[in-house]
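Shared chain: chain A. Partners: chain B in the first complex, chain C in the second.
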Partner chain A sequence: MKKSGSAIFLMEFIVVILSFSLSVTITLQLFVSAYQKGERSEEISVALLHAQNIAEQIKAFGSDALTYGGWVKEHTADGTRRFQLVFDDGFTAKIVFEKFSASRLFGVVRVYPPGADSGGGADEALCSLNLSRYVPKDTGGGL
Partner chain B sequence: MYAKKQFGGFGVCSIIMIFVILCMSTFGILSLVLAREDLHLSKEAALATEQFYAADAQTDEIIERIDKALTDCVESVLQNGLSQAEYADLAAQSLAELFPQCVLSGNKLSIDVPVGQTRTLRTQLTLLPFTERNNYRVESSSVIADFEWEGEESPAFELFPRNK
Partner chain C sequence: MKKIHRIDALFILLLYAMFALLSALSVIIGVQVYKGLVEDSANRGELRTALSYVANRFRAADTASGVTLERRGGVNALVFREQLAGRRAETLIYCYDGALREYLLVPDLGGQGFVPAEGDELVAVSDFSVTRDAGLYTIFAKTESGAEARQQVFRRTTVSG
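Entry: the complex of A and B
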């Protein structure tokens, strides 16, 4: 009788361990998924802040905003002006200007997460904002 | 007595395990739901910001075209020696033809550009006389909601009831 009780206890113990392992596996997946979503959310928020800062600086100062802060100009054959900046936190911003004159600026800024291949397309960008500035020629909207 | 002791030995382990599993799964689901909503909020904020800057760029494009149209009017006025009133008429006619969506009231021009589905970026310009250096002046630029906020009319519980 006592032997049988030990066997039942052992069996229950094994079932408990198996169930616990299964539930821990599932719960860990939940926590990992939550962590990844939280990280993604934070990345989007930070990227949005960077992109907004760039957009407002371009709006206020025009292309003068690109002369300081470590922007690197890329020469392209298709006539578009491209600039790139790697922030201290690892995010990368890329600007492509379609219109680039003294009075008119129009382009797109895309911000990529740290470690991402920033040479990729718009799909990899965390956020993408239109940059625009128009200053009438006579009012001294300079580059 | 023996049976009671045996029951306690068997059951406690299972009960504790069930309690731990319930706690873990509850916290796991809660954190996942929270993170998912946070991600959704971040994406919505990013979308709203993208829509705003797209509308802002569209407004700049309209203003650029308006400025060019007004410059053409100024040149026409200077060539033909027209007066300020004639310039105003010419500008109003030109803007009405080129930009029917813009509202011109006196020398005030209002440009509405939709921001997504529920908001509008309204930019107010003042058209200046042709003797001025610039053709226009931007008075204001603001985002307005396209719908009325409908608050709860009669709350079920009022902490501080209003005097009627």
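Entry: the complex of A and C
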């Protein structure tokens, strides 16, 4: 049985369209992925800037920096001192003073993206910055 | 029989048109996504690079009179003072005519004074300000597109001005 030329062309064209659909699906996924990575990169940059600013504030004012500017002190049973701040752009910063000696302030500042669970752990943080500051005994640290 | 052939041809033409349209759409979407990503990244990157530059100038000029906030030539400027090849030099960073600019002034060499419009353009900004709280300086910049960034720098040396 002999097939007409247009039927063969049609079949070939359908195969082309199917392969095209497949490639478009993959390409669109790549576009979405690129967009998401771009957004994530932007979030990390903003988070890093927030973390750097917090570090500079603590460098400038020590633990007094946490007594104003909207920082909320969290009470913990394990004796660590935790502070939390939600920025205007929705990012959340958390500072955990893990070690605290009479003359030094050791802590970690972590910044979380907008909408992140406020109880988020270190894994969910966009960036993490270690803090260390000499605190003369007389000034205490005030935590 | 001729009618069937005509429908066949029409269908193929329709498929071809669909193929062409989808190809064009995929290219257009791709270009827009890529353009958007590159533009956003460039805008934010430029702004942050400029802020980091200013912040590092602060750190480098951590001496008593290393940096002051002054009003010069009708604009608020950050004035960084340093010695260049034994000569007193001032670098002014300020916002003028929609751009953050830098102007190097070497008073010992004479020449014309500070002309805001002649500063080198660092980055296009719509707003730029520097505020001070004790030794903590807050540098703020905003672009026309609405992107803004704020960077803080602590200087150990207290200054006047």
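Definition applied: the second predicted complex is superposed on the first by the 123 of 143 C-alpha atoms of A that agree within 3 Å, B and C clash if a C-alpha of one lies under 4 Å from a C-alpha of the other, contacts with A are read in each partner's own complex, and residues count from 1 in each chain.
The rule we apply is simple: a contact is a pair of C-beta atoms (placed from the backbone, for glycine too) under 8 Å apart; a residue touches a chain by one contact, two chains touch by 3 or more.
Given the structure is predicted, the values throughout are model-derived calculations rather than measurements.
**Student:** Once the two structures are overlaid on chain A, check if chain B and chain C clash or fit side by side.
**Tutor:** Aligned on chain A, chain C fits beside chain B.
**Student:** Taking the superposition on A as described, I'd like to know which of chain B and chain C A:L66 touches: first, second, both or neither.
**Tutor:** In the superposition, A:L66 touches no partner, neither chain B nor chain C.
**Student:** Would you check which partner chain A:G38 touches, where first means chain B only, second means chain C only, and both and neither mean what they say?
**Tutor:** Touch partners of A:G38: chain B and chain C.
**Student:** By the touch definition at the top of the document, which applies to A:N53: first (chain B), second (chain C), both, or neither?
**Tutor:** So A:N53 only meets chain C here.
**Student:** With both structures superposed, pick whichever of chain B and chain C touches the larger number of chain A residues.
**Tutor:** Counted on chain A, the partner with more touching residues turns out to be B.
**Student:** For A:F20, decide between first (touching chain B), second (touching chain C), both and neither.
**Tutor:** A:F20: touches chain B and chain C.
**Student:** Classify the contacts of A:L10 with the two partner chains as first (chain B alone), second (chain C alone), both, or neither.
**Tutor:** Touch status of A:L10: second partner only.
**Student:** Between chain B (first) and chain C (second), which, if any, makes contact with A:Y134: first, second, both or neither?
**Tutor:** In the superposition, A:Y134 touches chain B alone.
**Student:** After the two structures are laid over each other on chain A, how near do the C-alpha atoms of chain B and chain C get, in Å?
**Tutor:** So the smallest C-alpha gap separating chain B from chain C comes to 5 Å.
**Student:** Which residues form the common part of the chain A surface touched by chain B and by chain C?
**Tutor:** Residues 9, 13, 16, 20, 24, 27, 31, 34-35, 38, 41-42, 45, 52, which sit in both footprints.
**Student:** Which part of chain C faces chain A closely enough to touch in the complex?
**Tutor:** 5, 8-9, 11-12, 15-16, 18-19, 22-23, 26, 29-30, 33-34, 36-37, 40-41, 44, 48, 133-136, 149-154
**Student:** Using the touch definition up top, name the residues of chain B that touch chain A in the complex.
**Tutor:** 6, 9-10, 13-14, 17, 20-21, 24-25, 28-29, 31-32, 34-36, 38-39, 41-43, 45-46, 49-50, 53-54, 56-57, 60-61, 63-64, 67, 133-135
**Student:** Would you pull the chain A residues touching chain B in the complex into a rising list?
**Tutor:** 5, 8-9, 12-13, 16, 19-20, 23-24, 26-27, 30-31, 33-35, 37-38, 40-42, 44-45, 47-48, 51-52, 55, 103-104, 106, 126-134, 136, 138-139
**Student:** What residues on chain A touch chain C, complex-wise?
**Tutor:** Listed in rising order, the residues are 4, 6-7, 9-10, 13-14, 16-17, 20, 24, 27-28, 31, 34-35, 38, 41-42, 45, 49, 52-53, 56-57, 59-61.
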